[in-house]
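Both complexes shown next keep subunit A, but they swap its partner, so subunit B is in the first and subunit C is in the second.
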Partner chain A sequence: MKNAKLLVTLLYILFLMLPIYWLLNMSFKTTNEILGTFSLWPMNFTLDNYIKIFTDPTWYNGYLNSITYVVINTVISVTVALPAAYAFSRYRFLGDKHLFFWLLTNRMAPPAVFALPFFQLYSATGLFDTHIAVALAHCLFNIPLAVWILEGFMSGVPKELDETAYLDGYSFWRFFVKIFIPTIAAGIGVAAFFCFMYSWVELLLAKTLTSVAAKPIAATMTRTASTAGYELGLLAAAGALTIIPGAFVIYFVRNYIAKGFALGRV
Partner chain B sequence: MAEIKLRQVRHSYLRDHRKEEDWALKELNAVWQDGTAYALLGPSGCGKTTLLNIISGLITPTEGRVLFDDRDVTDTPTGERHIAQVFQFPVVYDTMTVYDNLAFPLRNRGMDSARVSARVGEISRMLDLDSMLSQKAYGLTADGKQKISLGRGLVREDVNIIMFDEPLTVIDPHLKWQLRSKLKELHQRVGVTMIYVTHDQTEALTFADQVVVIYEGTVVQVGTPVELFEKPQHTFVGHFIGSPGMNLLPCSAADGATVFSGIPVQTTNAHKFKTNGRRMELGIRPEFIRFDNSGFEVEIVKVDDLGRYQLVETRRAENTIKMILAEGTSIPAERPRIAFDPKHTWLYADGWAVS
Partner chain C sequence: MAIELKNVTRQVGADTHIYETNLSFDKGGFNVLLGTTLSGKTTLLRLMAGLERPSSGEVWFDGKDVTGVPVQRRGVSMVYQQFINYPNFTVFDNIASPLRVAGISHGQISQRVEKISELLKLTPLLERLPSELSGGQQQRTALARALVKNAPLVLLDEPLANLDYKLREELRDELPRLFMDTGATVVYATSEPLEALMLGGYTATLHQGRVTQYGPTPTIYRKPNNLLSARVFSAPPINTATIQKEGGTFRLTDSATWPAPDALRQLKNGPYTIGIRPHHISVESHAAGAVSINGIVQIAEISGSESIIHFHIEDNSWISECRGIHPYKVGESARLYLDVSRCFYFNPDGELIAHPGAADG
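Up next, the complex of A and B:
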């Protein structure tokens, strides 16, 4: 019985990991081997693909660009969402429920809908092909999401905590920074994670709003052929590297995300 | 330390408050004397917490003024009022240790660390928190957290008033007794004004010098536990306090005479009654009824022997009358007659004692 359980689990993991293994497998092969033969592991093991990515600016700048706008976006989204979520969780005002729901409606349209207006607007204001352009565009989707997640965590904190801090002689901002933010640190972690994730994988807007200077890695990867012909090994290596930041971030917030699920807000 | 006055304070949570029932707290004039232990007693949702929050400044009353020693503090922020408040559910700063939690209010007021540690030591000893001072507050039990909340309320010595908002709800019964007597002991030692909110009459009556009874946003009576028992000014006080509560019987009254179910009844206050035609009630506590051959006839429904006393439920016409008799009192088997003690029989008009 115990063995059967183990077997099922192993098979399941194997099944899940297969595409990732295949990606890694390809990344250590030459393009000729990928196209020419079927092999379960690299016959001619090579690190050339990785070396190329780390030395060629058109490749490694893709990562730097992506990381830059993702970080800017995450910082803006969480900073803006914190006070907004606090207001939604602590105050009752005219139309608060409608406004709160309205935030979600921003996510009801596919990003493609916004590609053209954004492109036109950013070209007109000279923001085209800058990191901040992509970061701002992603805010449209990430701020509402962050507000929703943070509001859930904040509502789990009794308002007596605020009141006690005032009784203890704290001003609002001192309370907010010194006590409230540490208390909902888990929520901030989860919100930041989701902003990061969305911004990291989003391709359409990022590709539309950039050309050279801020071109994201995902856009670089859509370039399957070059003057040297197919570069499948190189693409596989780029893909493998693109998984790493996400895996890294999720490792740090995995416990918080479970908590977020428990609150029903993730 | 200060004497706290509420002058014509009213509060409504609604923007639109034209109707009488829109007010969470109806007009209130009250004086909280320095050094007295008060209990605010009333059912859930009657305005107790609103009243506390008005005193602490977390809520600004819709109307009226709040005065500390004749200084108007209605618009003074909470932090400057020097108040300690303990809430129903534990509020601790999870990210700090127990020690830091207790020291927090003191450090905030710029107290030097030697005095902070002396004071925290004293409070933690009192609440048996010594063993966990260096632990993080995160992950403690609800009991433990509530003790920290209490400790934080008690740690400052220079507060005007300490307010407890049903602080022992989450604590188990055994510890409840212990903590309540500690609070009482502390009050006697330090002499700071305390207001203790509760809906449990035993808690109110054992803790307080003065009990303030609130019902539907109105203060119906302020008095010592004995006064509430012997001279209830409102039918709510009569039936809320006491176990079982006061018997309330419909009656008619005219020209100083009260008639219940065709029998004239002597009361302490009927002679003050002027008009007629409103809802009249007769109130008598079960403790003040006895069997008496000169009284009126009733039917006995059941007798519960509760050890120290017997609870007898009788009926006359549609009305149930409960009485409490000392252990071993004999109960007449046939044609029982009972009589009310006139000194403890009250006449109420529309809920309020006639005066």
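Up next, the complex of A and C:
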């Protein structure tokens, strides 16, 4: 019985890890080996693919571009969502529940719906192919998400805490910055993580709104063929590197995310 | 007068939380707001604090109208039933926070915090975070923060309700002493009559958003002006029943009658209401002139050396709290003795017309 449990677990992990292993496996091979033979591990181990990415600006600029707009987006989304979530969690106003739900519905339409209007809008305002364009476009679904997550965490803080602070003489902003934000730090971490993640993995809008100057790594990566023919090893190495930032961020917020799940908001 | 509510009402939507209320508390006094849940205790406290604005009427403090003054400038301390502390501050910083906001010098802050934490036995815990404290310690921290700023008005909203029994007794003894020395006016909301009696001072009894009576605590217990105050100020609940006055006698049931006391001889014949506290109904006849009644036992609970017997007498369900262990079975018929000399008499409008002598406890 115990062995069976172990076996099932191992099979499950194997199943999950297989594509990632295959990606790593490929990234250390030459394109010829990938196309020519079937091997479970690299026969001619090579780091050329990685070296190429770190030295060729068309590749590493993709990473820089992606990180730039993702960070801008995360900062904007969380900053804007904090006061909004506070309002939803603390005040009752006409149509508050409808507004809160409407925010969420922004996540229900596929990004493709917005690709055309955004493209036209950003071209007309001269924002096309800038980092801020992608960062703003991603706010469309990241701000509602951040509001939703933060509202959950904020509602877990009794409003008596706010009142105690006012009774102690704190002004609203002093209370908000000095007491309230540290109190919901876990929620801010979770919200920032999800904004980061969705912005990092989103491809369609990022690709539509950029051409050269702000081209994201995912766009670079998905061009399967280049002038040099198939470069599968290179693409695999780029893919492996793309996983790293997400894994890195999730490591830091792993405990908070559990808390978020407990609140039913993640 | 430290704090005065003048014709204050509070409505939220279609609900009236507080009906027109006039209350004034003396400076430096200890006042208890006594009422069941939803009686409006918390709302009254919040109106006094300025956390809620009255729908009509005025709140006066120290001879000034403070109705529209923001909370920050009121000089009020409040302690809640839940343990509210700033989770990211240590105990020291929690206690110091009102002083820091007020811009008091560092040296003075640590001096005052030390003095207060000594008083509330928090000295060894000053470096901890609230989440690392027990419930009692957390509430002590909240009390310390309320005390340290020497606010002229301190509002306590059932501060001991979430503590376990032993801690509650301990803090209940300390509380009036702690606040006595500061000269602050204290308003203490509670739902427990016993707590009100132990705290002393003055009590306002509340029922569904109305103040039914205000006066010195023991007086209200001994001489509730009306049926509502008597009900609020009794635990277990006071027993009530409609009786008939026929000539010189009162009749509860056909077999339970007693001669009217001298003071009530002249009353018109007709229906009246009596109130009798559970500990004046016993299974043994102690008092001379006790009236015997037959009750059907519903539940008999034994708490150490006392028995609490819930029983039906005709349509009334009554409670007797008597000494000794009396293990009645459910549905059993029991003979109980009513000490009618300890009865409160109310007229059909619920107003007190006679109460037991001052010797009553």
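Following the convention adopted for this analysis, the second predicted complex is superposed on the first by the 266 of 266 C-alpha atoms of A that agree within 3 Å, B and C clash if a C-alpha of one lies under 4 Å from a C-alpha of the other, contacts with A are read in each partner's own complex, and residues count from 1 in each chain.
Just so it is clear, a residue touches a chain if its C-beta (ideal position, glycine included) is under 8 Å from a C-beta of that chain, and two chains touch if they have at least 3 such contacts.
Quantities reported herein were computed from a predicted structural model and do not represent experimental measurements.
Aligning the two structures on subunit A places subunit B and subunit C in clashing positions.
Look at A:I179: by the touch rule set out above, it reaches both subunit B and subunit C.
Within the superposed three-chain model, A:E160 lies in touch with subunit B and with subunit C [touch as defined at top]. Of the two partner chains, both subunit B and subunit C are touched by A:Y170. 158, 160-161, 163-164, 166-171, 179, 182-183, 185 are the residues of subunit A that lie in the contact sets of both subunit B and subunit C, per the superposition on chain A. In the complex of the two chains, the subunit B residues touching subunit A come out as 53, 56-58, 77-80, 83-85, 87-89, 91, 93-95, 104-105, 108-109, 149, 152.
Subunit A makes touch with subunit C in their complex at residues 158, 160-161, 163-171, 174, 179, 182-183, 185. Subunit A makes touch with subunit B in their complex at residues 158, 160-161, 163-164, 166-171, 179, 182-183, 185.
Residues of subunit C touching subunit A in their complex: 49, 51, 70-72, 74, 76-78, 80, 82, 84, 86-89, 97-98, 101-102, 142, 145, 149.
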